[in-house]
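Both complexes shown next keep chain A, but they swap its partner, so chain B is in the first and chain C is in the second.
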Partner chain A sequence: MTAQQKSRGFIRRLFEAESLEEMAIAPKVGVYAALAFWTLIVLFPLYWVLVTSFKIEVQVDSGPFYLPFVDFSPTLDAWNFMLLENNTLGPYLNSVVVALSSTLLALLFGSLAAYALVRIRFQVKLAAVLTFIVLLIAVIAAVALGAPWQAATAIAIALFLLALGTFVRRFEAAVGNNDIEFWMISNRIMPPIVAVLPIYVMFQHLRLLDTQFALISTYTGVNLPIVVWLTRDFFAGIPLDLEESAEIDGASKFRVFFTIALPLVRSGLAATFMLVLILTWNEFLLALFLTNANAQTMPVLVAAQNTTRGPQWWYMSVLIVIMIAPVIIIAGFLQKHIARGLLIGAVKG
Partner chain B sequence: MTISAAVQAQRLKREARDEWIDRHSGRIMVLPAVIILLCFAIFPLIVSVYLSLCRFALAGGGFKLTFIGLFNYKRLLFGAQQYHFLGTLKPLETPEWILFAIYMAVILYWLGRYTVASFTVAGFIGRLISVALATGIVLAALATLPAGGYEGTLLTTCFYVIVGVSVQFLIGLALALLCAQPIRARNFFRVVFFVPLMVTPVGVAYMFRMLADMQKGPFAPVSAAMGLTAWSWATEAWSARLMVLIGDTWQWTPFVFIVLLAAIENQPRDQVEAARLDGASSWQIFRDITWPAIAPVAGTVVLIRLIEAFKIIDIPNVLTAGGPGLATESLTLHSFIAWRTQDLGGSAAVGYLLLFVSTVTCASFFNYVVRWTRRFQ
Partner chain C sequence: MQVRLENIHKSFGQVQVVKGLDLEVRDGEFLVLLGASGSGKTTALRMIAGLEKVSSGRIRIGERDVTNLLPKYRDIAMVFQSYALYPHMTVFANIGYPLTVRGESKMAIEAAVKDVARQVQLDALLERYPRQLSGGQRQRVALARAMIRRPAAFLMDEPLSNLDAKLRGYMRTELKHMQHKLGITTLYVTHDQVEAMTLAHRVALLDRGVLQQLDTPTNIYNAPANLFVAGFIGSPPMNFLDGALDNGWFSSQVCKFETKRRSANRDVVAGVRPEDCKVTEPGAGKIVGDVYATELMGDHTLVTCRIEGGTIVVKADKAFNRHDGDSIGVDFPEAATHLFDKRSGDRLA
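After this line comes the complex of A and B, so read on.
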């Protein structure tokens, strides 16, 4: 070993491996120590929540107790209260229904759109898009000024069709697949707080506030960009010939999509499904705006535990445990797929 | 005869219909997604503009919107709500002016170099917009950070975004590099490190409130030994902000980690092996081989984190309810609080300002950094 090598700092040696498969003892210990330290950081909060859920009020208030059966005796009091006496199962069921159905819908519509954008060439006249936006703004302005929305919409549709048939044809400029894709994905940049006020007002008008329908449809819209973004690359990665031969045999595009393309990307779909499911399951802001008592989901219920007496940690912990247990179990199995799915998304960006 | 003719006609009709569907299948496939996005993104976006230009008042069972122009924005940027959005401003003094001059020199150098090297009108206008936003934020920071000023929600959000994302990126990258070493139990670490991402942010906030309780939390003996029992992190601005940042970092570091680890594992091993045989140090290998290979992924990961970080609300809302004072209030929380106090117009205006800040920041990051990391591809 030369003097120069010896003088290398500890941090550098941490990354040093004598061969690809073997590391020297000192760096090896360093790596394991660092990883173990972070493992502790990750697991201790979760352990604390789990332990607290088996405590009663006095065991929380009279100072920290760490080990069940050693320095305090665990009880199922909090679990009994939250699951049997408190109305927890209602929000839990809401969360399950809303998360599953909106994820499936987003997956269906998103992958359909992504597939079409990968395989079929689109040419939408720029003039048509601009006309549409102008008319949409005009309708909103008219309704804001007091016009009945049915009439305004009808007139706008008529004008739009008229425009399509007349001057739109004269312009050459068009938006292609990449532009449509970019538009769809870029919707994710929008902070939900910007969209939620009008959505709130809209559902209030439709008398659909505090229903599962409102949440499911909103979440579908919010998550669609992610689905398009991820599945686009999965579809682009599958070979064309299978689909082409099916089409020569006379299968329709829909048939090809459902029977050939979708099964080929199923591991990517599983990753996307998990990711969107977790995002929806944990979503707080939109649920806070759009639900009240009937369609309340778990994050809102958890956040509402801040009572006047301060949060009751033992009850709260039960809620957090039952919220995170199922996702952690599923994600543990699918973790590899999720990582791969995210990587593909990040590489192609 | 007639029956078979009828069947024939029906079949023709069905075939015509199928053919029509097949010819338009592309549009039919894209249409649902477009309609959903129009309903839940474009339509709200336009209505929000209108709301932000109005005063909202409850009136007789319904509500009334009065058009008031740009008043809501003026109030946030220059008027009665300035302390909330920008912060309590204090006139700049010599040290701040010097810092500002340094900042301006850097920016002008950057703009000048761009003008000389590769000038396009669109690129220049884009850079001017980025510079305008950055200058605004820097000025607000210089006017509020010294004693006498007080930071508003804009700066608090920028603090969460800039410091939070940097810390998460650095820890995530370090963990990914450590995990990519030839060690046993890599998959164990991978699964464990992934877990915080699954936990609902509201839960994360309560969890950290529980852990940071100075009297009955698990670290109470430590704080008692240090004589800190009477002190509370929730009463001081920077310790409260730090707490929010810790929660956010605990939750989001795994995202950076998992993607970067996958990227490192994906890079071809032979280059690394060859370099090692040639006697390259680990640092050289990282700098010249690993980093260029994972830089594009790293750029995109940071971009995604930036987009999401601007939306932060759950953790500050539950952990501190935005307090003490305004110290931990993010822009989304600001907008939410305005909505709760029936100030719908103000709420929409804050939302729009957030949209502007986050879009310009993310677009700038994409154009100046992510594009740059992809230059090797």
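After this line comes the complex of A and C, so read on.
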């Protein structure tokens, strides 16, 4: 150690690192204290749910008791009831099937849409869009006034095609990629509660209420904008050269998408998959409206534990624990894939 | 196979990038498209590849009109400046991609990949990923991928510009050898005149979307068709003197010499290459001036000499040892001069 380093004052030594390899004492203490605090904030609720699942009614009501075996003696009563006597498996399977399939569907369609928005230039005539909307309103009005819907639709389609071939061509104004993208994302701006009743009525008429199909299709539609929004940037990040090269090598657009573009954004897709999966897994509002017995999902079941006898915290906790577990496991698996660096080496030497 | 461009125009919006390009690449020929950035050379190549649409004109490969054909039906292979290797595939899969896409059998692909990999000395690296390769190796993967299909034509877009100087020289030799051996028609885009002169059977020099000269490297160098070509080719560039032609004599502010041309012309530019000039005692040469700067290049010295109304560069002996400001003479043989019409820029043949 040089003389200069030795002579550093106490305060200075506290805040200034001795070498590049270690932190100074004060920042180190500060950082770890902050991390410990935040860890507590994040983990305590999980811990609380876990211990509550091993309690019985008395232990919850006369609590709080924090430490199993010390404060209270844990029992498996709540677990026994929820897993063996109650129909938990049904909603659980529903949740798994609905969340996985709607997430995968949203990912498939959403990434296709995002890729198209990034790589293909769209020019939809504004006049065509407006004509479509006007005709749509006309059809609704006509049907409401008693016209047969088949005839109304057929006439509207005919008129629309006629418009496309005639006056629509004369208008310059067109909707571009950014407008389409904004429109897609803007679907998410609307509060879901606004759409819930129309969706309910629609499935009621289709006699599809309380089916997995209703939930899967609704969730897919609801999550498409998020997938498009997130994945478009991943696709935009792929060097165009790669895709052009593949096209010259003989691949079709779909082949380029599935063999070049999609594998290159897989870490982004993994992150998107995770996010959308969590959103659907935890979705409550739509599930509450669209299901009652057969297609009920876990969030609804958890809410159902808030009974006339008051909230059954111990049962809820069991359900929450088994709900959280798979998501944590999947997140653990995907963590590797979310790591970056795949594109390094693709371009340039 | 022969590649023909017939009166190709290309505009991006208001900007005309290629203006009436006519070009015929002979079967088996190595043709270099040379030009500064913005000359339209890359756009021309991309139109041949089918990555850009032509605004007007026709493109033929062999007997086929490919003007509106998708890239994959044009039977061409392209090497990109960035190499465009697929980062998620091994070297083997990269090289084999054009065959995989065409649905060839696994055995056929393996045999073809091994064969072509041996030609470019990649046989030991087939299991690696692009990110694990050096710049030169990546370049060879890109070449191998282009070669594997034996296409009708190779298109190369500045393939060597991402390599360091030494490797570039080596790969230039390799490329020339390979092209000669395979005998496949090659269009090569570069801004580097050394690459153009060394590689090409014929060079097509483009400026602002217009073909300036299409000829062998020797003819382009020895008989530049116009002022642009004369100024572009050669390093350091040709010296130009403004003057007039009268009765076989060229006369300017600084010098006067006899030419073979008998016609009179008041606006003439005489060009003379630095290596055709030599330094003499003041008074002994055609031009008198004083030393402005000297640069020792190793095997020769570049002397910039200030003359009335400008400077003139002379490639002198490496032993040149005058000081800045010294008065010198510059001499050159009349036969080494090039005469151009100043207004049209064309060579006075």
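The working rule: the second predicted complex is superposed on the first by the 299 of 349 C-alpha atoms of A that agree within 3 Å, B and C clash if a C-alpha of one lies under 4 Å from a C-alpha of the other, contacts with A are read in each partner's own complex, and residues count from 1 in each chain.
Here is the rule we use: contacts are C-beta pairs under 8 Å (C-beta built on N, C-alpha and C of every residue); 3 or more make two chains touch, one makes a residue touch a chain.
Predicted model, so just to flag it, every value in this text is computed and none were measured.
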Which partner does A:Glu244 reach: the first (chain B), the second (chain C), both, or neither?
second
For A:Ile328, select first, second, both or neither according to whether it touches chain B, chain C, the two together, or no partner.
first
Considering only the touch criterion stated at the top, classify A:Leu164 as touching first (chain B), second (chain C), both, or neither.
neither
Would you mind checking which one, chain B or chain C, touches more residues on chain A?
B
Using the superposition on chain A described above, determine whether A:Pro263 touches chain B (first), chain C (second), both, or neither.
second
Have a look at where A:Ser252 lands relative to chain B and chain C in the superposition and call it first, second, both or neither.
both
Kindly classify A:Ala138 by the partners it touches after superposition: chain B alone (first), chain C alone (second), both, or neither?
neither
Across the two complexes, what residues of chain A are contacted by chain B and by chain C?
252, 342-343, 345-347, 349
Residue positions on chain B within touch of chain A in the complex are 18, 21-22, 25-26, 29-30, 32-34, 36-48, 50-51, 65, 174-175, 177-179, 181-183, 189-203, 206-211, 215-221, 250, 254-255, 258-259, 261-263, 266, 269, 272-273, 276, 281-283, 286, 296-297, 299-301, 303-304, 307, 310-311, 313-314, 317-318, 331-332, 335-336, 339, 344, 347-348, 350-352, 354-355, 358-359, 362, 370
In their shared complex, chain A is touched by residues of chain C numbered 49-51, 70-72, 74, 76-78, 80-88, 97-98, 101-102, 129-136, 138-139, 145, 162-163
Using the touch definition up top, name the residues of chain A that touch chain C in the complex.
239, 241-242, 244-252, 255, 260, 263-264, 266, 342-349
Residues on chain A engaged by chain B in the complex (per definition of touch):
8, 12-17, 20-23, 28, 31-32, 34-35, 38-39, 41-46, 48-49, 52, 60-64, 66, 109-110, 112-113, 115-117, 119-120, 122, 133, 136-137, 140-141, 144, 180, 184, 187-199, 201-202, 217-218, 220-222, 224-225, 228, 252-254, 257, 278, 281-282, 284-285, 288-289, 298-299, 302-303, 305-306, 311, 313, 316-317, 319-320, 323-324, 327-328, 331-332, 335, 338-340, 342-343, 345-347, 349
